[in-house]
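Labels run A, B, C and D following the written order; every chain starts at residue 1.
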Amino acid sequence: MTVQELMQQYQSLGYQSTELYKVSEVFVRMKKDSAKIFLTFTSNMVTSGLRGFFAQVLKKGMADIVVTTVGSIEEDIMKAMGETFKIGDFEADDVDLHEKGKNRVGNILINNESYGKIEAVFLPILRELYKKKPRWAVSEMLREIGLVLDDEHSILATAAKYDIPVFCPAITDSAFGFHLYLFQRKHPDFMIDVVKDFGNILFSVSYDDKKGVIALGGSISKHHAILFTLLNGGAEYAAYITTAHKTSGSMSGANTNEAKSWGKVKDSADIATAIGDVTILFPLAMINAMEELQAEGLLREE
Amino acid sequence: MTVQELMQQYQSLGYQSTELYKVSEVFVRMKKDSAKIFLTFTSNMVTSGLRGFFAQVLKKGMADIVVTTVGSIEEDIMKAMGETFKIGDFEADDVDLHEKGKNRVGNILINNESYGKIEAVFLPILRELYKKKPRWAVSEMLREIGLVLDDEHSILATAAKYDIPVFCPAITDSAFGFHLYLFQRKHPDFMIDVVKDFGNILFSVSYDDKKGVIALGGSISKHHAILFTLLNGGAEYAAYITTAHKTSGSMSGANTNEAKSWGKVKDSADIATAIGDVTILFPLAMINAMEELQAEGLLREE
Amino acid sequence: MTVQELMQQYQSLGYQSTELYKVSEVFVRMKKDSAKIFLTFTSNMVTSGLRGFFAQVLKKGMADIVVTTVGSIEEDIMKAMGETFKIGDFEADDVDLHEKGKNRVGNILINNESYGKIEAVFLPILRELYKKKPRWAVSEMLREIGLVLDDEHSILATAAKYDIPVFCPAITDSAFGFHLYLFQRKHPDFMIDVVKDFGNILFSVSYDDKKGVIALGGSISKHHAILFTLLNGGAEYAAYITTAHKTSGSMSGANTNEAKSWGKVKDSADIATAIGDVTILFPLAMINAMEELQAEGLLREE
Amino acid sequence: MTVQELMQQYQSLGYQSTELYKVSEVFVRMKKDSAKIFLTFTSNMVTSGLRGFFAQVLKKGMADIVVTTVGSIEEDIMKAMGETFKIGDFEADDVDLHEKGKNRVGNILINNESYGKIEAVFLPILRELYKKKPRWAVSEMLREIGLVLDDEHSILATAAKYDIPVFCPAITDSAFGFHLYLFQRKHPDFMIDVVKDFGNILFSVSYDDKKGVIALGGSISKHHAILFTLLNGGAEYAAYITTAHKTSGSMSGANTNEAKSWGKVKDSADIATAIGDVTILFPLAMINAMEELQAEGLLREE
C-alpha cells in the first residue's frame, strides 16, 4: 500500500486520521494558491531524523520562510559535519549516559563531542563576517553559515541555496550563544541585531501575499511565524501538528481556531490541526501532499 | 512512497515513529513465532472506519482471540445492516446534534435510528438461542450473531467464520443490555453466563502456547486480555498503541513495562508501546507487518 | 491558606483551575437540588489513597449510586483486611519488582500476597450466598460483602451501611472472576446475573428524579452511569475529571458537551469538565464543595 | 481543610499527587540550602491570574533569577496599567471574538486595546534609555521598566525592587519587538544586545553556588535556565511542573531525569516532575512550601 492510498483511507476513518488528512489537503491548497509558506519547527525535530526531510521540503518549494529555535541550527551543523545521533531509550539511565558523555533528547542521544563541531564551523565564519561588518541580523548570519555547509541534507545549506530566510528569534539560547558571547568579549562592537531581523521577517511577506503556516510543535518558533502573519493581515492557510492540547492555554496547544481570534489567521482561513507526534504525522501528510503536487508539476524542479 | 518504505524511515527517525516501528516488528515476530494473539480494542475504534480493517486482520490470521467492549458489537451489527457513520466535527454544537438525532463520538456521528438495527438483528437471534438453551456465555452468543451477519467487513462475521472467539466482559453496558433485560423479564430463566466465559477465555490459550497481545487503547478490553496472559504464565509478545500516558496510573496508560511487574508479560518478553491515535498508528504498523508476513507466505490464505 | 480560599482564587485564574472551580460548583448545585448522584471511578483510584475519601464522600451523602470496575472491589477488600499499598516509582525496574512479588500501578505497589486476602473474605461469603439462592445480581452480592467488612474507610462497607448500590458491570475481569469461576465449577447452577443488574441500576433512579453524574476517569464505569442517565431522560448535572482529551474519540476523553448529543445529559444541563490527575483535582473540588454544603447543613449527619 | 493538610495527604495518595508533594518538598529544600533559584514560566501563565502570585513569590525570596517569554513582559505591563483579562470559554466562537477585538488564550480573553497600554509605557522609557546609551541588554532594559511600574502585583516591578534579573531571550517575538523595530528605524544605532545578556545570566550564578530550578511549562524559558545551570556545573535542585509528556522529545516534556544526561542538573540532584496544569499545581506546591518556610522564618521579610 502506498502512503497516498493510506491517506485516502484516513479521510474517512475519523478522529485524528481524518484531521491529518485535512492537514495534508491544507498543504496542497496553500501551495496551489501560491501562498508564501512559513514552516516552523522546534529543535527536537532536527534532533530527530526529520532534518533531511525538512531540507527536501525546502528544496521542493514547500516553504518560503523557516522559523526555528537555535538547537535546530546547531544540530543541522553537527550533522552536516558528519555527526550521527543514535537511537536510545526513553527510560535510559541518565546518570550513566552523563558519565558516557551522551545527552538524551527523548529516545535520541547526542554525543558531547558533537558540540565541538559547531565551534569548528562557526568560529571561522564569525571571523569572516566580522571583517565585513560588526552588526549582523540573525537570519543574515545563518545564511552565511548555510552557504559554507556542503550537505544536501542540511536545512541551512538548502535554505541558503534557494534564498529561503531562516529566522531564529532566540539565537543565544545555546552553545552558539556562548561562542557569540566569547567573540563579543574580544570584539566589543560585534553585535547580533535581533531588532533588524524583526524587520526582515516582517517584510518577508506582505499584506497582499497569500500566506500559509505549517507549524510543527509549538514554542516560540510557532508564535513567531503567526505574529508576522498577524502583522500582515492574517494567513489564508494554516496547518498545525502538535502533541499539546488546548486545555492549558499554551502556545504549543493553541489550535488554528484560537488563531482566528487574534487575526493570526483570517476568519475565513483554510485551517486544520492534527494531534500527534510530528515524526509520524508530518511525513505522512507532507509526502501525500508533495506526491499530489508533483503529479501536477507544482513542485520546484532543480 | 509505500507504507513499508515509510516505516523503514521511521525506524531511525526517533520519538514515537521509532516506537511505532518497534510495534510493527513485534507484530511480525509474534506471528512468526506462531503465538496465539489477543487483539483488544475499545468501541470507539469500531465507530471509526477501522472496523473493516479489523475484519481483514482477523481474516489474515493476525489475531486468535478478540476482546472488546459492547459498543463494538453493536456498531459492527449496525454497519453490517448497512448503517454508515458520517464524519462530523470535534467542536460541533451538541444541542443541535441532539435535536437532529445524531450522537457524537469525537468527530464521528451515529444516527439514533441506527440503534433500531440492533433490535432487528438481535431479537430473532435471542429467540432462537433461547429455544436451544436458557444459559449463554457471552462469547457463544456473539458467535451466533456473527454466523447470521452477511458482511465480509464485519468483525463478528469474520470471527465466526474463522472460529475466533470474541470476548466482551461487560455485555450489558449498552442498548444490547436493554434488550437482554427485556428478554429476561419475559423469560426469567434466560441467563447470560459471564462466569462461564471466564473459563472460555482462560482456556482459549495455554501455559505452553506462545502468547501475544495487541492492545489498542485501554480500558477493560486491554485489561481482560492481559489478565488471561497472566493466568497462563505471561505473554511472550506485547505491543500497545494508546493516547494515554503512564503518569496517572490508568490501565489505558499502563505500558508494556508495567505489565512485567504483574507477570502479564514475561520478564523477557518482546514488547513495545507507541503513543498516538490508533486510527493513524495501527494501520501503519499492521499494514507494514502484514505486507512483510505476506511476502513470506505467513498470512492465512482463504 | 485553606482549600476553600484557594478554590476561590482558582475561579479567576484561568485554564484548568477555573474549570476545576466550575466542577466544584456543579457538585454543590447537584446536591442542593437533591439530584440523585452517580459517582463513577476506575480501579486505579482505589489503588491510590483516595479510597478512604470515597468512603467519606458516600457517608456524607454526596453519592447515591456507585459504578466502578472490579479492581476497586478487590482492593477495597484487601485494604479492609489490613493490606497497605506502598508508594513506588513510575520508572521502577519491573523485572525486579516481579521477582519481589510486587505489582505496579503507576507509582503504587501491590503485594502479590494481598490477593490472598480476597479469597479469605470472599469464599465464605460465596458459600453463604449460595445457600440462600443460586443466582445473584452483582450489586446484591457486593452489598453482602460490604455488610461483613468492618472498616469505616471501606467503600463497600459504607455503601452497604447507607444503602448505596455499587454496580460493577464487568465483575469477572479479575481475580474475583477466578473465584467465581472455580465456585461455579463446583456448583454449576451458581450464576452471576448481570442482566438483572441492568434492571437494578435502571430503576435506581427515575425520569422524575433530578440526576447528577460525577465521573472520575473514563472507561466502562463512566459509560455505565451515563447510559442510565440517558435511559432516564438525561442528567441535569454532570462533572467530569479526567486526564484524557477528546481528540481520540475515547470514552475517557469524551466531555460533558459530547454527552449532550446523546441525551446522556440534558441540553440545558449544568456541566463542567476538568482535565488533570484525579488524585490532585478531586479532593480539591470535593472538599471545597463539601465544606460549603456542610456550612449550610446539607451533608448527611450520622 | 488547609492547603498544607491537603498536601500532606497527597504525599501518600499516589500518582501525580505524590509527585506534586515531592515538587513542594524540593522547593523547600532548595530554599533551606540557600540555592540560587531560577524561576521560569511561559507567557500564558502571566495571561492567567498567576501573575500576582509570581510577584509574591519573588517578594518572599523564592526566586533569584527569572526567565520568561516576552508575552509575560507585555501582559505584566498591561495589567500594571489597569487592564484586566476576562475569563472566557475554551470553545468560544473565535470569529465572533475577532470581530469584538478580543484575543483568546485558552479560556482567557485579552482586549486588543490592551496592547495600546504597552506603547504608552514603553515609548517614553525607550527614549529615556536611548538618551543614556544606545545599546541595552534585555535584562537591563526590563529592569528599567520595572522601576517605573507602580504595582506591587507586577512581576517586573517586584523583580526590580529586589534586584532580581529578568531574562527574556527572544524579546522581539511580540508587539514589543515592533516598538523596538520602529525605534531602531528612527535611531539606527539603537541596539538590543542579546549577546551581552548571555554573559549577564551566565554570571548571575556561579559554579560554587548551590543552584535550583523551578520550571513551569516548557519552551525557551525552561531551556534557557537549565542551559545556565549546565554551564555552571549543574543544578542541585530542580522541580518541573508541565502538562507535556516526555514521549515526543520536546523541551516542554523533558523531565528532570533527562536533564541529568546533559549535566543540566547534577547526577545526585534533588529532583521532581509533576504533570498537570500549572494554574492548579503551582499554587498548591508553592503555598505549601512557603507556609513551611515562613514558619521557620526563612522567607524574606520586607
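By our rule, a contact is a pair of C-beta atoms (placed from the backbone, for glycine too) under 8 Å apart; a residue touches a chain by one contact, two chains touch by 3 or more.
Every value quoted in this text rests on a predicted model; they were computed, and no experiment measured them.
Enquirer: Which chains lie in contact with each of chain A and chain C?
Expert: The shared contacts of chain A and chain C, listed by label, come to B, D.
Enquirer: Based on mean C-alpha positions, I'd like to know which chain lies farthest from chain D.
Expert: Between chain D and the rest, the longest centre separation is with B.
Enquirer: Please state whether B-C or A-B has more C-beta contact pairs across its interface.
Expert: By number of C-beta pairs in contact, B-C is the larger.
Enquirer: Cα centroid separation between chain A and chain B, in whole Å?
Expert: Here chain A and chain B have centroids separated by 38 Å.
Enquirer: Between chain B and chain C, what distance separates the C-alpha centroids? Give it in angstrom.
Expert: 25
Enquirer: Which chain C residues touch at least two other chains?
Expert: Within chain C, the residues that touch at least two other chains are 14-16, 44, 47-48, 91, 105-108, 245, 247-249, 257, 275, 277-278.
Enquirer: Given the complex with chain D, which residues does chain A contribute to the contact?
Expert: Per the stated touch rule, the residues are 42-44, 47-48, 69, 71, 90, 92, 94-95, 97-99, 102-108, 135, 169-174, 177-178, 180-181, 184-185, 190-199, 202, 217-220, 223-224, 227, 231, 243-254, 257-263, 267, 277-278.
Enquirer: Going by the contact rule at the top, pick out the chain C residues touching chain D in the complex.
Expert: Contact set of chain C toward chain D: 1-3, 6, 9-10, 12-20, 44, 47-50, 85, 87, 91, 105-108, 257, 275-281, 283-284, 287, 291.
Enquirer: Contact residues on chain A for chain C in the complex?
Expert: 14-16, 91, 245, 247-249, 275
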